[in-house]
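These notes open a run of structures that come right after.
Below are two complexes that have chain A in common, paired first with chain B and then with chain C.
The block that comes next holds the complex of A and B.
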């Protein structure tokens, strides 16, 4: 009896590195969301695919594919990827904007060089998004950046977002600035509440 | 900026129930503090997915929904609610930092009944919640 060959390996079993980047880039724009999702996952292993993943994130409408794109982009994080993602903060596409924020929150070193500019952007919404990124960023300078915001920003919602962030990541160093902020927005119910909450939480740590 | 229509009251008419959906912990605490002081029962959710699931699981007299949230934003949550026959009549107030006309229109198109711009004052929030739910301020 001759040797019997087993079945050929399934596509899933092909090592990721062996999957051709050109084929994956074609799959990344396939009509079938399942094909796009697999391509987005496997392209996370290719350093040269980062910008293509950013392009796809901008166009993608499937939430499940978008989630995989985010995972791959976080895996491929770099200052270039972070720079591209920060441009999405200006989009009117709310899910895209939120996806960019979620991804940037996971790449502290890559996004750090861009944060200073975002935190003083002329558009208060961009400053709020930047504060939201900083507030959950695992970066040693996050409390300092948020403190600068409450010391200098004139917009109530930007300061409110920074106070919320400080209640999570701030330390005793922020207390004097939090007390000072109370005088700047003395007639604002929410700010009063947020400052009290932040001071209480920092005091508990 | 309102599109408030009369809604049926909760059949178990006692305290009105409000679902607060916002990714900001302090913001949720603030809404809870204000609304509970006015006699409402408050349930919280930290994003649109959680909010949608809670809205399906139990009846609410009002939903207060932030727009910019992770996982599912406020527009998407509202669209999902309005597409579900069981819960589509639940009134919703969207609250956002964005005050532009296009943001307001987008919220109404998604199914909002009222649009408020942050920061929201205690009295304003209480009045709107009472107006929409028919509750008497305490």
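The block that comes next holds the complex of A and C.
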């Protein structure tokens, strides 16, 4: 008892990475979540499996498998993957929706072509999700997109989300629009507070 | 603004005004103050981070650390600015938590005869796994009641050879008490201490690249993983992949200990935070337990 030297972890006879895509796709729907996780991870190396990973993300109930699916999709990001993930923003499945937002935030170039449409979607919830994506997107145009939202969107919650985003990523260019927004929602105390906060933070930077 | 020449790493990369602005920002974020005489020190580290983040210029990089929502790059820079080589009992509050909280909680779910398996990665020159071993032997009263395996891995074969050899400088053992020095080390020469053969022989050292799934896949059923001050050097995707890999390396209800500036919540939501006194570690859900 006490400290003992354990055996070195043994290498597997056949590296799992060597499995072909067909075997991995079978494993992706296996009953065991550990098998599904491994398949989701290894399929990240196969560009042709991207849509299968999206399909599985939509059906997956295990959080740990879903996390690996997301990571593989982020690694394998493409406009096609981003387009598919944006469709999940309309899902009633909150974890799926949040997963899609989380993944899209990590693929700025892939999601950028779709953001303009999402930011003017007729559904205000979709516009809020889009603003949430833009607010943490590492994209040089993110502040500009958020500024357009506060300049034009009529929905107070969409604008509030954009102001919140601008408080993190906005620069002096946004100040005039933030001041103008104050007049559009003149009786809204929360908006007043959010705008003041954003202006103060931008000023500090 | 001066342009960053990545091929030659030409300094300076920032104007005096930009340096002043950076220092003011860094001070606001960390409380650490740099003056003009530290400009070279600061710039060298920023050059390193600019290259690793594929930033185009200082201005591009500065924008990222100010506005990146996760804050992980800021943490990487902070770490680079403040942390040097490792040493015995570094961040020892986690070793306290190990013997006073984590191990006692862990063994409640274990059957007698089951081994306790600990993985230190990256182990660097060995200070961390040896510190874990000494801490357990000295401070956990149940140490003799369990088989405790310590595995230690690093990507650097040269540093692993040093870890196996177990020879340490006076600076490295600076926080080891004289009593423990006498008990576990032999002084070879003025500035070199040799750790005892019993400890050297009890730790399994192995060469592992943590982001290679083929290399990490044999590592399974660990109860505790120490992975400290590594993930801050990775990009977001590699960080996610690594902690998800650890998920599969851990036994159900196993624990991960990260470095002081690393937070799992910024990487993944598949672990549960657990607090032992003031120390936060992360736990894989046990069998049948729902995820947070």
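The working rule: the second predicted complex is superposed on the first by the 188 of 205 C-alpha atoms of A that agree within 3 Å, B and C clash if a C-alpha of one lies under 4 Å from a C-alpha of the other, contacts with A are read in each partner's own complex, and residues count from 1 in each chain.
Here is the rule we go by: a residue touches a chain if its C-beta (ideal position, glycine included) is under 8 Å from a C-beta of that chain, and two chains touch if they have at least 3 such contacts.
It should be emphasised that the depicted structure is a prediction, and the values quoted were computed from it without experimental measurement.
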| said: Comparing chain B against chain C, which has contacts with more of the residues in chain A? | reply: C
| Does the superposition put A:200 against chain B (first), chain C (second), both, or neither? | neither
| message | According to the stated criteria, A:191 is in contact with first (chain B), second (chain C), both, or neither; which is it? | response | first
| field | Which of chain B and chain C A:163 touches, first, second, both or neither | value | first
| Is A:101 touching the first partner chain B, the second partner chain C, both, or neither of them? | first
| message | Quick one: is A:90 in contact with chain B, with chain C, with both, or with neither? Answer first, second, both or neither. | response | neither
| query | Does chain B (first) or chain C (second) touch A:179, or do both, or does neither? | reply | neither
| So which positions on chain A get touched by both chain B and chain C? | 168
| query | What does chain A use to touch chain B in their complex? | reply | 92, 94-95, 97-98, 101-102, 124-125, 128-129, 132, 156-157, 160-161, 163-164, 167-168, 188-191, 193-194, 197-198
| Contact set on chain B toward chain A in their complex | 24-27, 29-30, 33-34, 67-71, 73-76, 97-98, 102, 118-122
| Which part of chain A faces chain C closely enough to touch in the complex? | 1-12, 15-17, 34, 37-38, 41-42, 63-64, 67-68, 70-71, 74-75, 105-106, 135-136, 138, 168-169, 205
| field | Touching residues (chain side chain C, partner chain A) in the complex | value | 25, 64, 66-70, 115, 117, 133, 136-137, 143-151, 198-199, 201-204, 206, 213-214, 217-220, 236-237, 240-241, 244-245, 247-248, 268-270, 291
